[in-house]
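As written, the chains take the letters A, B, C and D, and residue 1 is the first residue of each chain.
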Amino acid sequence: GGAVADNHGKKFGFGHTATPEELSQFVSPLPDGRGLPKGSGTVMQGEKVYTQHCLACHGANLEGGIGDRLTGGRSTLVNNDPTKAPVKTVESYWPYATTLFDYIKRSMPFTQPGSLSNDDVYAVSAYILHKANIVDANAELNQDNLAKVDMPNKNGFKPAGR
Amino acid sequence: GGAVADNHGKKFGFGHTATPEELSQFVSPLPDGRGLPKGSGTVMQGEKVYTQHCLACHGANLEGGIGDRLTGGRSTLVNNDPTKAPVKTVESYWPYATTLFDYIKRSMPFTQPGSLSNDDVYAVSAYILHKANIVDANAELNQDNLAKVDMPNKNGFKPAGR
Amino acid sequence: AKTGAAHAKAPPGAIERTVFPDPTKAQGVGVGVDDGGYGFRSQFETEVRWRFGTKTTESSWSMTPLEKSQGIITPSGLHYERHHGGIATIDPTKHMLYIHGMVDEAKKFNMQDIRRFPFMSRICFLECSGNGLTEWIKPTLKTVQGTHGLTSTSEWTGVPLSTLLNEVGVKSGGKWLLAEGGDAAVMTRSIPLEKAMADCFLAYGQNGEAIRPEQGYPLRLVVPGYEGNMCIKWIRRIEISDTPFMTREETSKYTDLMPDGSALQFSFTMEAKSVITYPSGEMLLQRPGFYEITGLAWSGKGLVKKVEVSVDSGKNWREAKLHGPILPMCHTRFSIPWEWDGKEAILQSRCTDETGYVQPTIKELVAQRGTNGPLASIYHLNGIQSWKVAATGEVSNVHHY
Amino acid sequence: AKTGAAHAKAPPGAIERTVFPDPTKAQGVGVGVDDGGYGFRSQFETEVRWRFGTKTTESSWSMTPLEKSQGIITPSGLHYERHHGGIATIDPTKHMLYIHGMVDEAKKFNMQDIRRFPFMSRICFLECSGNGLTEWIKPTLKTVQGTHGLTSTSEWTGVPLSTLLNEVGVKSGGKWLLAEGGDAAVMTRSIPLEKAMADCFLAYGQNGEAIRPEQGYPLRLVVPGYEGNMCIKWIRRIEISDTPFMTREETSKYTDLMPDGSALQFSFTMEAKSVITYPSGEMLLQRPGFYEITGLAWSGKGLVKKVEVSVDSGKNWREAKLHGPILPMCHTRFSIPWEWDGKEAILQSRCTDETGYVQPTIKELVAQRGTNGPLASIYHLNGIQSWKVAATGEVSNVHHY
């Protein structure tokens, strides 16, 4: 007997149709922006969100604490010095801005995951990306322009092939 | 790899020699009487032991209670009537008297196993065998004669071959 | 482990944790916060071993809830039990195994000594030869836990008995050995030396950790494929002899009384057997349609070669799929698809092992051994089990030949 | 389970029972008397999972005490953990799995639906790709629990993912799927559709009972041979797409930064690895003489073909015995006899898998991937482990190439 069960060549018909309404509770954008929910937020709005919901763990200067450091570290990635750690942050390492929206939306704030509105998530993403010197102070991010944010390390990844 | 470990063709020498003294704590007679410890006991002595240590569970007439019935049941073994149970007891079923000594010695009284002296175990065995109409009222059993007790069902067993 | 409060409301084996309306919106329980570093099962799982109502709890048995079984491993906490003097509590630093009798040198081994020898592991079943004893004459217990729950499978780890026997040097003429437990029953059984040398082992491990207390901690004899009673728990002594010791457990008990009044002794092998665990007694099939029938098959003689399943009272048999790994003297999981048409049906499974032995019907067993009165032919009931699915979907234990 | 009093003095996973001076002279504990029908381990056993000291207990990990491991099965209570939002507590009657995206019909399945499908069981290892992350630059953690304890083996039971994907009908062009957890981290990973169809499955069973809470109760994705993080726990959703989702756990984390500043992504396979679990770090060999060296080997690419062991710093290698069962993508137990002469020795093991891939030295791995600073080359350290046995018998973690 093989490890994988035999489906006896047929559909079983178990389960039920999932309605678009049910599926609308889920958010998982693709790197090209498909799947981003409607909404928008500015850097300034994001600063408020950050101060209220994120600062305690990620620091006043996004330098990290209980949560990861979020900015800085460009130019530290090329490194083979066993005494120095490369600084991998949203700014230096993350290839896609959609990942930032996605991750904050699902997992942050750590102790109240899923509590922020889409607008707040766009806003705080904009704030972080601004503090990372990636978007302007007056940037507003939304479902149409988030995927176009030019991430410094966007070409930094290649498939491992293992 | 087979299921059994390879002993790499040698003795390991782990463990220590067990002295005769250490081994003297163990009792496990063979059906021919080898291994029976020294001692003896009469039916009358056995009645006292039984009354004090066994009766509560095996009954005033050895008819059983919390513990098994110990006597009776000869002639019930030949039976294929699904409504009647054959009565399997020391009297009707057990092929060797040494087993009785051995079992009482190791396991009884149920709540104080191993508490009886060898003499007491010979005695209570004699008592049970007497109530089973196997030995006389004035019988004394000891390491030399116990194995010679003629059990009614001594020829009742054959190897299953499976 | 956590103290009372956490356990109070939870089923055995679990701790009570807060259930949030949406588990994605509140942090879960932190690592090691409430389990002390040794995890529990879910508080939503409730199956437990079921004790058969013997007169004392110390000489009693409990049965594995096979209706909940998955795969082949039995969770250690649900492994069946059969004790004759309760579960011994043994300090492993004080435990000693003596080997003596017809040997060149009588020796004693503490647990450290035993762990120094080359070890082996083996995934195999144990089965009490009393498994099914209530089912000879008429269907009696209602679930597969009751009819078949005196068998379980673990990965056992320990030392081959042959290694230790080699260490003491068995004298020529030595043919049998007595294995003696260190519990209140000081349980004893005689084991043929040939079997001892072939594949018996002394297990100190079970499913990757120390053998559980109720399975003989710190050391248990495993006699693969033979009746569970021979697998002496809390083993403290082995004595080699030229004849069997004729202990109470191989004369008064664990012998098979035949209708002619003679009794079969040393019926060691647990012969090929199988049982459908799903659907099984007391379950309810909620609607007609597809069901994946599944169950367990095993043989004390080696590998399960084939399991056939009938859904029409034994008229037609189809070969079930055997799920891997298929190991000798080990539970083997089988399954087969079934479209239930909503009508009454009798489900049966039949195991064939590598020797060609085919699991008999209960009727065939009774023809050989007799019923011999309530509970008289007690041991080795390996007959085909029948489950009736009523038109209502209710599943029940029946006899059907 | 028993309440506080019984647990109070016992180690995690055990209950305190009376220890009599001679256990053959006093009745033991009756069946079900103090365990509620779900057994505990012995009160004399103390090994527990060890939590790595991350900043929060909810995003943290705990490691299996491999130095105590026996055979191949990991006791469920000691299976390693890695959570990003704590252990979710999920009522299985309320749990739902959604499958949508590039499918013919988006569907949802409750646990009852999922259990109706034909099932499969598989004994296989899981390994966090962060296993060994402290060991790149210098020997850091002292025991094999610390260096290698993020891998464990269970018998998993569940539904092939292919069955469910067939049920919804993947649209042509569908190449990746997102697996999403129902925990507070709402953990997500992208899985290649080809792998999903080949051998992934949704496990609801672990070692014969329901999957444990910390392993994803009631449902977990198992991606055999791939990094443990992909085996999404508490899985609630699968979305099919034409490209990977580039989630945080496959960009920010679980990628391998190289010295040139580029990073390898989707380094899925847990490549061949082995480690000696006895003797291992912090143990003490009490005297020269015979030791049965033992350990575990595994490969995400299939079967372990060969394990060689060196006791002289890698100068000479001898082939170890592989204990059965030897299963693909599963821990395989190996052992080899060793006569210790009482002099300093370096013990190493080296695994070769069925593809011919040979476990590299840490030096070879560093040459390829760089050390890249403390904890920067984090994942996929499958280099040869070295244990030094000092002349005193003390065993310690060293780097030796």
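Operating definition for what follows: contacts are C-beta pairs under 8 Å (C-beta built on N, C-alpha and C of every residue); 3 or more make two chains touch, one makes a residue touch a chain.
Remember, predicted model here, so these are calculated numbers, not experimental data.
Using mean CA coordinates as chain centres, what's the chain A-chain D distance in Å?
27
Which whole number of Å gives the spacing of the CA centres of chain A and chain B?
76
Nearest whole angstrom, what separates the Cα centre of chain A from the Cα centre of chain C?
Averaging C-alpha atoms per chain gives centres 51 Å apart.
Listing for chain C: what residues touch at least two other chains?
24-27, 56, 58, 85, 116-120, 184, 186, 290, 323-324, 335, 337
Could you list which residues of chain B touch at least two other chains?
3, 5-6, 8, 12, 106, 110, 113-114
Between the chains shown, work out who touches whom and classify the graph as line, ring, star, complete or other.
Contact map by chain: other.
Which chain pairs here would you call touching?
A-C, A-D, B-C, B-D, C-D
Within their complex, state which residues of chain C touch chain B.
Interface residues on the chain C side: 55-56, 58-59, 84-85, 98-100, 105-110, 113-114, 116-120, 122, 137, 159-160, 162-163, 166-167, 178, 180, 184-186, 188, 198-199, 201, 224, 237, 239, 241, 243-248, 251-252, 255-257, 259-269, 271, 370-376.
So in the complex, which bits of chain D are touching chain B?
22, 24-27, 290, 321-324, 326, 335, 337
What residues of chain B sit close enough to touch chain D in their complex?
Touch list, chain B to chain D: 1-3, 5-6, 8, 12, 106, 110-115.
Provide the residue numbers of chain D that touch chain C in the complex, in ascending order.
1-5, 7-8, 10-15, 17-20, 23-33, 35-45, 47-51, 56-58, 60-62, 68-79, 81, 83, 85-93, 116-121, 123, 155-157, 182-184, 186, 204-205, 207-210, 212-214, 217-218, 234, 236, 290-292, 294, 323-325, 327, 333, 335, 337
What residues on chain A touch chain D, complex-wise?
Residue list for chain A touching chain D: 3-8, 11-18, 22-23, 26, 28-32, 66, 77-86, 88, 90, 93-96, 98-99, 102-103, 106-107, 110, 113-114, 156-160, 162.
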